[in-house]
Amino acid sequence: MKLLMINSWEELLTAAAIGIMVVFSVLFVLVLLFELFQVIVLKVAKKKVVKSGIDVDKIKDIPANEIAAISMALYLYLDSMHDEESNVLTIKRIERRYSPWNSKIYGLNNLHR
Amino acid sequence: MKLLMINSWEELLTAAAIGIMVVFSVLFVLVLLFELFQVIVLKVAKKKVVKSGIDVDKIKDIPANEIAAISMALYLYLDSMHDEESNVLTIKRIERRYSPWNSKIYGLNNLHR
Amino acid sequence: MKLLMINSWEELLTAAAIGIMVVFSVLFVLVLLFELFQVIVLKVAKKKVVKSGIDVDKIKDIPANEIAAISMALYLYLDSMHDEESNVLTIKRIERRYSPWNSKIYGLNNLHR
Amino acid sequence: MKFYLKSNNIEGMKNFRYKIGFLALLLISLFPISIFAQSSGSENLVIESLQKFWNNTGLANFEFKYLAMIVVGLVFIYLGIAHKWEPLLLVPIGFGILIGNVPFTDGFRIGIYEQGSVMNILYSGVVQGWYPPLIFLGIGAMTDFSSLISNPKLMMLGAAAQLGIFVSFIIAYAVGFSPAQSGAIGIIGGADGPTAIFISSRLAPELMGAIAVAAYSYMALVPVIQPPIMKLLTTNKERKIRMKPPRQVTKLEKIIFPIIGLLLTTFISPSAMPLLGMLFLGNLLKESGVTERLADTARNALLNSITILLGVTVGASTQADRFLTVDSLMIFGLGAFSFMIATAGGVLFAKIMNLFLKEGNKINPLIGSAGVSAVPDSARVSQDVGLSYDKSNHLLMHAMAPNVAGVIGSAVAAGILLGILS
Amino acid sequence: MKFYLKSNNIEGMKNFRYKIGFLALLLISLFPISIFAQSSGSENLVIESLQKFWNNTGLANFEFKYLAMIVVGLVFIYLGIAHKWEPLLLVPIGFGILIGNVPFTDGFRIGIYEQGSVMNILYSGVVQGWYPPLIFLGIGAMTDFSSLISNPKLMMLGAAAQLGIFVSFIIAYAVGFSPAQSGAIGIIGGADGPTAIFISSRLAPELMGAIAVAAYSYMALVPVIQPPIMKLLTTNKERKIRMKPPRQVTKLEKIIFPIIGLLLTTFISPSAMPLLGMLFLGNLLKESGVTERLADTARNALLNSITILLGVTVGASTQADRFLTVDSLMIFGLGAFSFMIATAGGVLFAKIMNLFLKEGNKINPLIGSAGVSAVPDSARVSQDVGLSYDKSNHLLMHAMAPNVAGVIGSAVAAGILLGILS
Amino acid sequence: MKFYLKSNNIEGMKNFRYKIGFLALLLISLFPISIFAQSSGSENLVIESLQKFWNNTGLANFEFKYLAMIVVGLVFIYLGIAHKWEPLLLVPIGFGILIGNVPFTDGFRIGIYEQGSVMNILYSGVVQGWYPPLIFLGIGAMTDFSSLISNPKLMMLGAAAQLGIFVSFIIAYAVGFSPAQSGAIGIIGGADGPTAIFISSRLAPELMGAIAVAAYSYMALVPVIQPPIMKLLTTNKERKIRMKPPRQVTKLEKIIFPIIGLLLTTFISPSAMPLLGMLFLGNLLKESGVTERLADTARNALLNSITILLGVTVGASTQADRFLTVDSLMIFGLGAFSFMIATAGGVLFAKIMNLFLKEGNKINPLIGSAGVSAVPDSARVSQDVGLSYDKSNHLLMHAMAPNVAGVIGSAVAAGILLGILS
């Protein structure tokens, strides 16, 4: 059932070469898809912003760290939202997952110190 | 694969005797190890106490039950410490079960929305 | 091991008929049992009410929705009761493990009452 | 620094420089290979190897039937997430359908029907039939039978709604299924996923995928299927019947219920033991007041774990080459029919019971449909339809009685079918 | 509207109208069948089928021995719920006894001893012996060995209380059991359910039901069995001995304990590895301070899941036709005897140790009985008996040392018996 | 009463009375045996039996190779607890190494390689390869792919870091391993424990212990291995590159990511299905917003249970007589090499990408090393190294993108190797 019967150096090197190329290709297609997706999402978002009458140019120069802070606040707010019904009276068991605006990163080895 | 082929009373009694002796021996060695360990730990602890300038003789007569109480408080304090990050801000996760007097009905599909 | 070897329409219809009858019978017996049970329970309850001196007739006309509300409140109250030690308003679910300075000992049989 | 939302800042789209560069790199990386291939005279090898690799991709093995199933899976996920229809079931099953319908070639231990593959191992709990009882354990540990205990006669509606099982059992036989297969198909009308999976694992393993998907689909579609039938079969006056609030149930009754329930149902239908034994065990753990710790695990960690495994493997078992058959189509038809008969059975039986009940004790027939189980969706449907005719008539608490009785009823029916047909 | 508690409002009891109506309905539903039966000349078929159905019900297969076991199951549940004696064990086991003693006929994959049945599959964790080590993992993750670390010599009481194991091992052989069976029976005196199940799965699977039920019964009966023996063997003065409070134990000691404990005990008794390996692993996860997440799952979700599965299958394994034998009776007798000897062993050894201890360091022999393990019930018995003689003498924290040492002691003893007899 | 900390109060050390007494007791207990032995002429029996018992202890079977492995286990535990390096892995694996290296004799169902032993049963999830996918389910339910979605091109770094896999695959073949073994060894460079275990269970079960231990060791050593390479391959200017903050990602994107991710990766590499199917399922459960209950169990109870079982059995599989071979040593060497190449691959590819990116969009090559996965340690390393050159340049959020892409990348690579070599 093997794809390749590896008996020689040529075959092994071929296998390695195919391997690395496929890894690159798969992730590259994923990159393309999500860049495409991103453009769509951003266009939609921009339209909404325009509709809502907010002047995009005015908010153009908000410093990066402020944006990060706002985003994080928003993120936490939105994140807690969809749990609202599950944990009545619970502010929420904060799972320490990673988010780009959150330096407390998750991971097998730091969920509990 | 048996250690002993038990065919006679002699062999059975021997087995029982070996058994009880091994149990005693194992736990006895454990006792010895931890008494030894204890001495070391206490010596280190005493040194630290001496270094820290606390007069051991002065605190010598704290009644046993006071010590127990203090220890317990410390224990609970320390115990809650290392969990501090996992449950912060959580009051209680209320299980939403159905009851006829409760319109938030349970079920596989609405425990979480 | 089959109960019936179904080879014909007659046998299939018989099987279906027996099936639906048994379902009805089983649940019907369950109904009878719990109606009987209910009578007993209510008699006991009534006696208690009489003993306690509450005038049943006076409370006779409480509107249904009020009863529902009261029942629900009671239910939630009672429901939270038997969990009282395990979680309510607990910042942390304190595992009741034994420690020598702690008389609430752990163990399979007393982690929850 | 410019505001990052502005699209002229999205590199990679506006300027393609890095993408072009990357393609160049890929080509460059091919360079040494081709040189090496030429030098060693193994040019063919590279092409051949790539060919072989390609033959094993899902792209090479693609057929439209897989795409059809993938679309089904996406619809399941969509309904679960966007419409919140049984999301705990539809999301894992839908994703499982995706997993099961990525085309592959045999021999790499990928497919769910391939001995030794991970999916096959996880699927064994479905095949051997022990996932459903564990799910019933969790359901038992979540279910409050109070409404049923306080008004036992409503239990009969949970019996009447099993009519769909037996009617579709007969029809399935009529359209050509074997008796055992017919029994497994009939059980779709029980509106109980775990029961349906358990029965088909025993009576017709070859149909399990279709039966499971049909059962869960229709359970999710309860709010669509039931209301028209309920409205058709009831008069305006009936729909406005108000029922008395149930009485408070004592703790003793709640503890005794699972014990009596177990003994009674399984003495008459021992084959229902795996399902009902676990259901009532879970309920006793919940109600005993001294085993909350166990009930908690049964209804959370254990139930959730099994739900994920069951959902994803049942979904993956719908591999297009096995699933897209005329049989499957017929099963879907029969399942829908079964659900409708079951709904009608519950509603009509309530009307029949009303003939014998004096004024003031009459049953609102809208709660009859809840007897199909599909806990708690069909009870909620009763509530919603009831409210649409009388805004202050809350039927939910009454509907829960036939609703949970329907679980018991279909497990008993399942036991009988197993006894007769296995 | 009348108040719903008034009994004259409980329809269905006062007026039997609907019940009569229902019976009429049942008869009516028989009508088409009988007509059909007559018309097709298959009258016999219906009766025959009903006959066959009846033959498979629990009612038809009923025998009084099943009733006897069901009563035992109910007693277990009652003791667990009403008296709160080991409810986490007695409730699942009791309900399992009910499940196992609903009479059935073979061939439908219902019984726990029938290949491929759900109960049989869940029982495999008992038969193969991997449930007990996972329970030990959870127990390890719950147990605080501080009291034992702070006063190591009390560990010897946990060794002395294993005397019951070996004495009843000898007696069991004397009354006619095989050596392997005798070993499995003796372990009841270890007062440790998982250990007893693990050993009997290896040495005498045919006796496992009886041994497990005996072990758990006596563990639940510890507050009844131990006090008389404790009082008999101690003087009034001894019962009032006060012991010094244990010292505070450092974190380092707690971390090192499971490591040393593992290496020492399993180097001498490698067969105890499955139990002690997991016990100490659980304890290290608890004490390390960096794996609380794992310890939490081990002592909750995992422990609870296995406890339910172990309890219900061990209960169900007491199927009357296999369980109600003279052997089982003798096992119960030997188990009780074993517990008494174990209790006496712990108490007497404390008295012997006192001969060598100087005034002020003497051990209160009432804590000796806690060496049987049965954590934490027997420690609580020491406390209660102690308090009944001196209201301010709290023995609990001291009794925990022999108590947890008893777990280690009986696991070591189990390992030796396995090594010698398996 | 004296203060209990004073050492002159620690009986048992200052005065040896009770210890001497105890030894006397032991001798006394030998007395009746010796008398009995003499009287029955079976003096030899006792000695012979003791001899046999001794032969089965770990002491009698002791060899230094076991001690060596026990020391390795202790080091793992020490690193996990004291240094908090991957404690959730190193503590169970370390303790497992202890368990697996207590010497024993065959035939008592103790060893992990002995059919029917408890460890062997628990190990079957490793051998059959279904523990790793369940771990991936939990990881998926924990992972937030936002950073990757918001800056997709960083995903390519997660591809580049898989270079280590293929380079060491070639080298392993060069030093004499079979192609399948070479593939399993290469995967160590994927820096993903579950993936490595899954692949070696399929390609080279005989090397699994060594590969797993190597993979986890180096994952724990990431903070030691990576920084020198990162510094070697970057200029000072590059290390100070600041990257733009990622944009906010919509919920829809997060939901679609696991679906697209699944279809794309597994259409091209179907053999990666068990790992990637579960990873993306877990992520969908997390992001759907309607299955939080399932995601919660997947990332807690289920993940923790499997982590314990996987850790302890993988540890125990390093039984010295099978583990201490030249092959193992070479695997450790190749593993370290693989990690270094992977790190270099990520860093260098970032530099190459920079050639095509215009000013302001350039990538800080320090985040390239995070592409090896070893989530989240290698991302943290990027952050720390970055900070050491510019105290206000936080690279963590950017490094998370290649970091989680590395998980996908090595699973894809694993799928390809499986397809080619299995």
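Labels A, B, C, D, E and F are assigned to the chains in the order they are written; within every chain, residues are numbered from 1.
Going forward, a contact is a pair of C-beta atoms (placed from the backbone, for glycine too) under 8 Å apart; a residue touches a chain by one contact, two chains touch by 3 or more.
Predicted, not measured: the structure shown is a model, and the values here were computed from it.
Least step count on the touch graph, chain A to chain D: 1. With every chain reduced to the mean of its CA atoms, the largest distance from chain E is reached by A.
Note: the chain lying farthest from chain D is B, by mean C-alpha position. In this structure chain E contacts its sequence twin chain F using mostly different residue numbers, the overlap staying below half.
By residue number, over half of the touching pairs seen at B-F are also found at A-D, the match among A-F, C-D or A-D.
Rounded to whole angstrom units, the spacing between the C-alpha centres of chain A and chain B is 43.
Centroids built from CA atoms put chain C at 37 Å from chain B. Chain B and chain E have CA centres that are 21 Å apart. Those residues of chain D in touch with two or more other chains are numbered 1, 4-5, 12, 22, 53, 56, 84, 87-88, 108, 150, 152-153, 156, 244-247, 268-269, 289-291, 293, 296, 300-301, 307, 397, 416, 419-420, 422.
Contact with two or more other chains is made by residues 1, 3-4, 13, 15, 18, 20, 22, 24-25, 28, 31-32, 35, 38, 42, 45, 64, 67-68, 71, 82-83, 86-87, 90-93, 99-101, 111-113 of chain B.
Residues of chain F touching chain D in their complex: 128-130, 133, 137, 152-153, 156, 202, 244-245, 247, 255, 259, 262-263, 266-271, 273-274, 277, 280-281, 284-285, 288-291, 293-294, 296-298, 300-302, 352-353, 355-358, 361, 416, 418-420, 422. Interface residues of chain F, counted against chain E in their complex, comprise 1, 4-5, 9, 11-12, 15, 17-18, 20-22, 25, 53, 56-59, 62, 70, 74, 77, 80-81, 84, 87-88, 91-92, 95-96, 98-99, 102-105, 108-110, 116-119, 121-122, 300-301, 304-305, 307-308, 312. By the touch criterion given at the top, residues 84-89, 139, 142-144, 146-147, 149-150, 152-153, 155-156, 158-160, 162-163, 165-167, 169-170, 173, 179, 182, 244-248, 250-253, 256-257, 260-261, 264-265, 268-269, 289, 292-293, 299, 307, 375-377, 379-380, 394, 396-398, 400, 405, 408-409, 412-413, 416-417, 419-422 of chain F touch chain A in their complex. On chain F, the positions that touch chain B within their shared complex are 1-7, 10, 12-13, 19, 22, 26, 29-30, 33, 36-37, 40, 42, 45-46, 49-50, 52-53, 56, 106-108, 290-293.
For chain B in complex with chain E, the touching residues are 1-4, 6, 9, 12-13, 15-16, 18-20, 22-35, 37-38, 41-42, 45, 64-65, 67-68, 71, 74, 82-83, 86.
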